[in-house]
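Both complexes below contain chain A, partnered by chain B and then by chain C.
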Partner chain A sequence: MAIAPAPPTQTIDISPVGRVEGDLDVRVDIANGVVVDAWTQAELFRGFEVILRGKDPQAGLVVTPRACGICGASHLTCAAWALDTAWGTTVPRNAIMARNLGQIVESLQSIPRHHYGLFMIDATNKNYAKSPFYAEAVRRYAPFTGAHYEVGISMSGRPVEIYALLGGQWPHSSFMVPGGVMCAPTLSDMTRATAILEYFRKNWIESMWLGCTLERFEQVKTYDDFMAWLDEKPEHRDSDLGFYWRMGLDIKLDTYGKGIGKYITWGYLPHEDKYQHPTIDGRNAALIMKSGVFDGAANSFKLMEQGFTREDMKHAWYDEEAIVHPYDRTTAPRQKNDIDFEKKYSWSTAVLHEQNGRLEAGPLARQLVAGGPHGESWQWKDPLVLDMYRSMGGASVLLRHFARMHEVIKLYREAERNVREFKLNDPWYVKPVEKDGRGWGATEAIRGALAHWIEIKDGKIKNYQIVAPTTWNVGPRSSIEDRGPMEEALIGTPIANLHDPVEVGHVARSYDSCLVCTVHAHDAKTGAELARFRTA
Partner chain B sequence: MLTIIGCGNLARADDGLGPRVAQRLHAHVVALGRTDVRVLDAGTDGMAVMFAARGSDALVIVDAATTGSPPGAVYEVPGEALARDYEINLNFHDFRWDHAIAAGQRLFADAFPRAVTVLLVEAESTGFSLELSARVSAAADHVVARIERMIAAYPAGAVA
Partner chain C sequence: MASLLWLQGGACSGNTMSFLNAEEPSAVDLVTDFGINILWHPSLGMQLGDELKALLNDLVSGAKPLDIFVFEGTVVNAPGGTGEWNRFAGKPMKDWVRLLSGVAQFVVAIGDCATWGGIPAMAPNPSESSGLQFLKKAKGGFLGGGFTAKSGLPVINIPGCPAHPDWVTQVLVAVASGRTADIGLDELQRPKTSFTSFTQTGCTRNLQFAYKVSTTEFGQRKGCLFYDLGCRGPMTHSPCNRILWNRQSSKTRSGMPCLGCTEPEFPFYDLAPGTVFKTQTVMGVPRDMPEDTSKPNYIRLTAVAKASAPQWVENDMFVV
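Moving on, here comes the complex of A and B:
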């Protein structure tokens, strides 16, 4: 009997991911053209927890939105709610909606920006030149020259104009404060906001993305409905959504990127009438988009509670106990951070659920949880992505990115409702009383579950901890040596060309990771090159 | 419209120069009641630079730099000397103002300002801190004064 020799394994290090400065590096082992093992390394220490120690409790409002140039409103939301729960504030109805609206428009911005600016550019990679969809993909999505590229990128800048109406400017307004918001929009601001939303709907969501009205697409509740919608009209098939799905199937984006099959969302958007006296324990029952943990294999749903969060540092560059709750972290970065895949290899911790272990965060997690039977009867439900997940045998690159794009419809609806529901003459702020204690604020940034934990002692920050969606997703192995969500999602990825592993990029981009937002000081030129421009 | 944009990370010591200069100039412009001058603290969102500049005829960008020069050195550089094309990455978080100049001119053509001036200040530290170093703080005063003169001269005088 012949014994087949073990296939040769090749190891490649990719910065797919970090061509500019190595923010996220990926190492993969490849055998027979398929990824058989993977390690994701976060190469930047963000250090906000260190900066905030000993500062004024409200410093988090100014500092944490700077954690990210793109999702500052999500950090600001968490920072404000964390102080609200610590101080026991009253947050007026208008303020809850203004915070929600600020965060929604940030996410609306991110949806087309990610699709046209990053995700679909991969579809123009010569790896897919044999696909019958290739020529059309290049025509639509080639950077700068594609017919839909300019529209998609330009359109992404519109929703945050609403943020500027509320906060004075985009990005980095600190208009959300404990006790409410520092703004008082006028009727003409609301008229302008309505016009911006309608423009976005008519000129992108309906005309270019869906090829139909929102109302028509909202009838799609199952995978069968979706496939019937796709075939119903040429406008549906040829829309950017229709094209994405058909090309995605053709280039087999439905066959890899599965991941660990367990998901987390904190839930988001507290209802304006249900969270005016915010507490940590009262949050789950107050959310429009419910929280949850979904275990795909067990087909089980339950609410997510912050008390279950653990950070595991066995393979992360911190000198701390292996597994602790964020309140118990000391953020002790290790000075010597050599990459050793057997020991420590990342600045990201491995985030765990005390009972369910590793979980994937992001729009797919939110949409799967939105299909679950748990939660309050009035909370938003949507069975579509869960049905697709079951019908297609689990997650994939194709479904993960679909879930992100699908969210545009419900976010749009909620933005529309907020603008309508403001009562402009009612209060926007109730002055709080400062006190010591613990607080927690959470939300869903576009790329997933984000939470801030704060402990205030003697009127100063004793401990401030952030667990970002990317921490959940790109964390290294944990103490039980299981792979992190993105590490696991890379397993089984086919690599056609070792020198241009675009497939790894698809998987990485389907998570839309965020690591690089730290120092942006200009470093493209040297002092000698700039010498003739020196003025002082 | 003259648009002035400060870039950088407020939480990383001297990299906070741009946002701080923008905050001071914003107060100045409000005090003058100038509606033809817009000031933005763009933080680290380079894409925001591209959209904010659209429709202006003149653009001034302020940022910290790490070029190997003495800390506090100030450079005033025409935008075309620094504009560069963006290479697609994992996300847009590394899309910066120098990419925004190149991308904005390609995407928005005549609607993007042709007159772009970049003021760079050499950083001493980009570590974890909410304070500027003494030398960069002094350079910030110099940059604010320079841009206040540009505002006074706009639109009659040339900006750059």
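Moving on, here comes the complex of A and C:
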């Protein structure tokens, strides 16, 4: 019996995949127009962990928001809670809500900015000229000139005006400090915040994004509900959400970008009455949006704990033990960062769960976990994305980006609630006592699970470690040679035009990877003792 | 009409994010109303991979003219001056910076990283980062002290961590509309129009500053942040309290001490233990005082100010 010859494999290196924030290089192997292997490489190293060593314990409040200008509020949140747990502070109710609100408005900013500024402009790529949706996509989303592009970009700046009311400016404030926040907003600040939220709801979420009220969309609990909503009215079909879904199906964004099917979220938004005496162990039971690990194949849910985190350096440019907990990292960057796919090829480490291995982080992970039965009865539940995941046979570019956009409604509601619940004459800050120790702070940046680990000794930082969502997602192979989440998600991606592989971009963009975050997350110093891993 | 290319080195995208908050004009207005042709930007460009490399090569060869080269982030020189820790489109980013700076009419450094080196260049500067024409206070940087772009101007420094969008857009519009003669630069190559007045200029706490009333800890509704909480507003050049942030506020108005982020020394004292959000003092007198203030004058003024302070200045001012 004749054996068919193996199809020729073409290799293309795509450097850089623009519009992910930072320098991400992706190498894919293609056979018969489909990606059969992939490598993702983080190509920038700045060394924030190295810089923080020996500095003032509070240096992370200044430095880490600058690790990522897109997720600065998330880094600040982690930096503050890490110090709170290390110092054993009391954080007043108002301060918990002010931190949450700061983080929420940063995410509300990012949702339209990512959608219009980064994601949808690919729909105007000439590769889709045959789609019946193409002309309308160009009219709406063409960079700079598209009717909705302009609205989306200018609208995205509004929510962070609330951040400026709390912290003076966005990005890069440091208004969250151990023991609370720096600000003590007034009635006029609350009035403005309310007006800004209303403006955002009326002029974007309801009118442009949904084509219906928040209340109507909040009735959508299942995939069938969603499809019924889509067909209910022209306003729904023609909304930017309706258009995204219909064009996405037409250009087959539901058919690739599946990924590894296991997910992590740290959960976020500690409840103002449940985390005033923050501890590492007490965090899970205090979160409005719960933490979790979801295994799609096993259909299992469980809580996520920081102790499960491991970083695997076998294929990353660090001369360190292959697999360690972040507290045990030394951040020893390899001086010579030659690309060798058999050995080391990225500044991102491969992040693992001690028991569950590689996990995907991001809004999809949060939404899937939000559908799970685990956790506290009062925590947020939302069955929609989990039901879509099951009905559609797992994840895809289409569903991953949908999950990101879907969060806007819950975040908006929580922002409204925070503004309403502040008791302006109650405390915003309780001065803490500094001491040595270990701390941990975590949150969910819009793009996924973010955590900071700090060890303070002799009144200064002994070790500071950051694991960003992009570290989870774009990490290289691990010690067992399994692909990272995005590497795996690229497998099976159809490439129509080798000279313009927009599909690879879709997958990368659906992870909203911020290489800048990754890069900041992992840093520098050489240790000769670790050189044995050079031959790994 | 002016062509613009924006690249990022050792960057966090904070200046891009800030730029996208621009209002008058907005980032979109720059393209549609002011005729700025954005050839590529890491967060806005359409091209992937090879198409971008072709564009960069055309700019370097002169096949396409480049009017404005904007750089955000540090120039990463590690390891050992090779720049291999920050590769972009097939080569070290620093090589692209050198080539593109040589063909651009104007070179604009946006944010502290591109101007002075910023946070990545803080000790021990593991990425061997530098600003385009400065490293912290020292002139030179990556391009060298004598560098001038084709227009004859040195690198235009728009510092800040991040830079306010208006500080950026006014320079871009000036270049695109032929008003470059109106861009006066100070000795740190910052546009004078933005960086002559102090951060304190326009601060809502100036009365408390004048009468030496302190905000003693965070979360209060009174006092000035200079005396205890390390505010650098009186020593920092920026229009943060003249042109507000996100149309709403400023750090000092909201209760956060100014960190001096438009000055090359930021972050001050390298964030050594005991220096974060704490005023550094020598025998009870602030170690850093308002520009050109002598210590004896400061002490005399303090005595007079405290003695003449009215009762209300101690009260809550920013009340509910």
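In the analysis below, the second predicted complex is superposed on the first by the 508 of 536 C-alpha atoms of A that agree within 3 Å, B and C clash if a C-alpha of one lies under 4 Å from a C-alpha of the other, contacts with A are read in each partner's own complex, and residues count from 1 in each chain.
The rule is short, and it goes like this: a residue touches a chain if its C-beta (ideal position, glycine included) is under 8 Å from a C-beta of that chain, and two chains touch if they have at least 3 such contacts.
Here the structure is a predicted model, which means the values were calculated and not measured.
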Query: First (chain B), second (chain C), both or neither: which does A:Leu24 touch?
result: first
- prompt: Which of the two partners, first being chain B and second being chain C, lies in contact with A:Gly180: first, second, both, or neither?
  reply: second
Query: So, A:Arg66: does it touch chain B (first), chain C (second), both, or neither?
result: both
- prompt: Between chain B (first) and chain C (second), which, if any, makes contact with A:Leu166: first, second, both or neither?
  reply: second
Query: Touching A:Gly117 in the superposition: chain B (first), chain C (second), both, neither?
result: both
Task: Determine, for the superposed model, which of the two partners chain B and chain C contacts more residues of chain A.
output: C
- request: Could you say whether A:Asp512 touches chain B, chain C, both of them, or neither, answering first, second, both or neither?
  value: first
- request: Classify the contacts of A:Met392 with the two partner chains as first (chain B alone), second (chain C alone), both, or neither.
  value: neither
- prompt: Is A:Tyr429 contacted by the first partner chain B, the second partner chain C, both or neither?
  reply: second
Query: Of the residues on chain A, which ones does chain B touch that chain C also touches?
result: 16-19, 21, 23, 47-48, 50-51, 55, 59, 62-63, 66-70, 72, 113, 117-118, 121, 143-144, 150, 153-154, 156-157, 160, 169-172, 505, 514, 516, 520, 523-525
Message: So in the complex, the part of chain A that touches chain C is made up of which residues?
response: 12-19, 21-23, 25, 43-48, 50-51, 55-59, 61-63, 66-70, 72, 95, 113, 117-118, 121, 125, 143-145, 149-150, 153-154, 156-157, 160-161, 163-175, 177, 179-184, 186-187, 192, 333, 335-337, 347, 424-425, 427-429, 431, 459-460, 499-502, 504-505, 514, 516, 520, 523-525
Statement: Contacts from chain B onto chain A in the complex sit at residues 7-12, 14-15, 19, 40-48, 50-51, 54, 63-69, 72-78, 81-82, 84, 87-94, 96, 98, 103, 106-107, 120, 122-123, 126, 128-130, 139, 142, 146
- request: Would you mind writing out the residues of chain A in touch with chain B in their complex?
  value: 16-21, 23-24, 47-48, 50-51, 55, 59, 62-63, 65-70, 72, 113-114, 117-118, 121, 143-144, 150, 153-154, 156-157, 160, 169-172, 505, 508-509, 512-530, 533-536
- line: The answer for chain C against chain A in the complex is residues 8, 10-18, 20-23, 26-28, 31-32, 38, 40, 42-52, 74, 76, 78-80, 84-90, 93, 118-120, 122-127, 129, 161-162, 217-221, 240, 244-256, 259, 261, 267, 270-277, 318-320
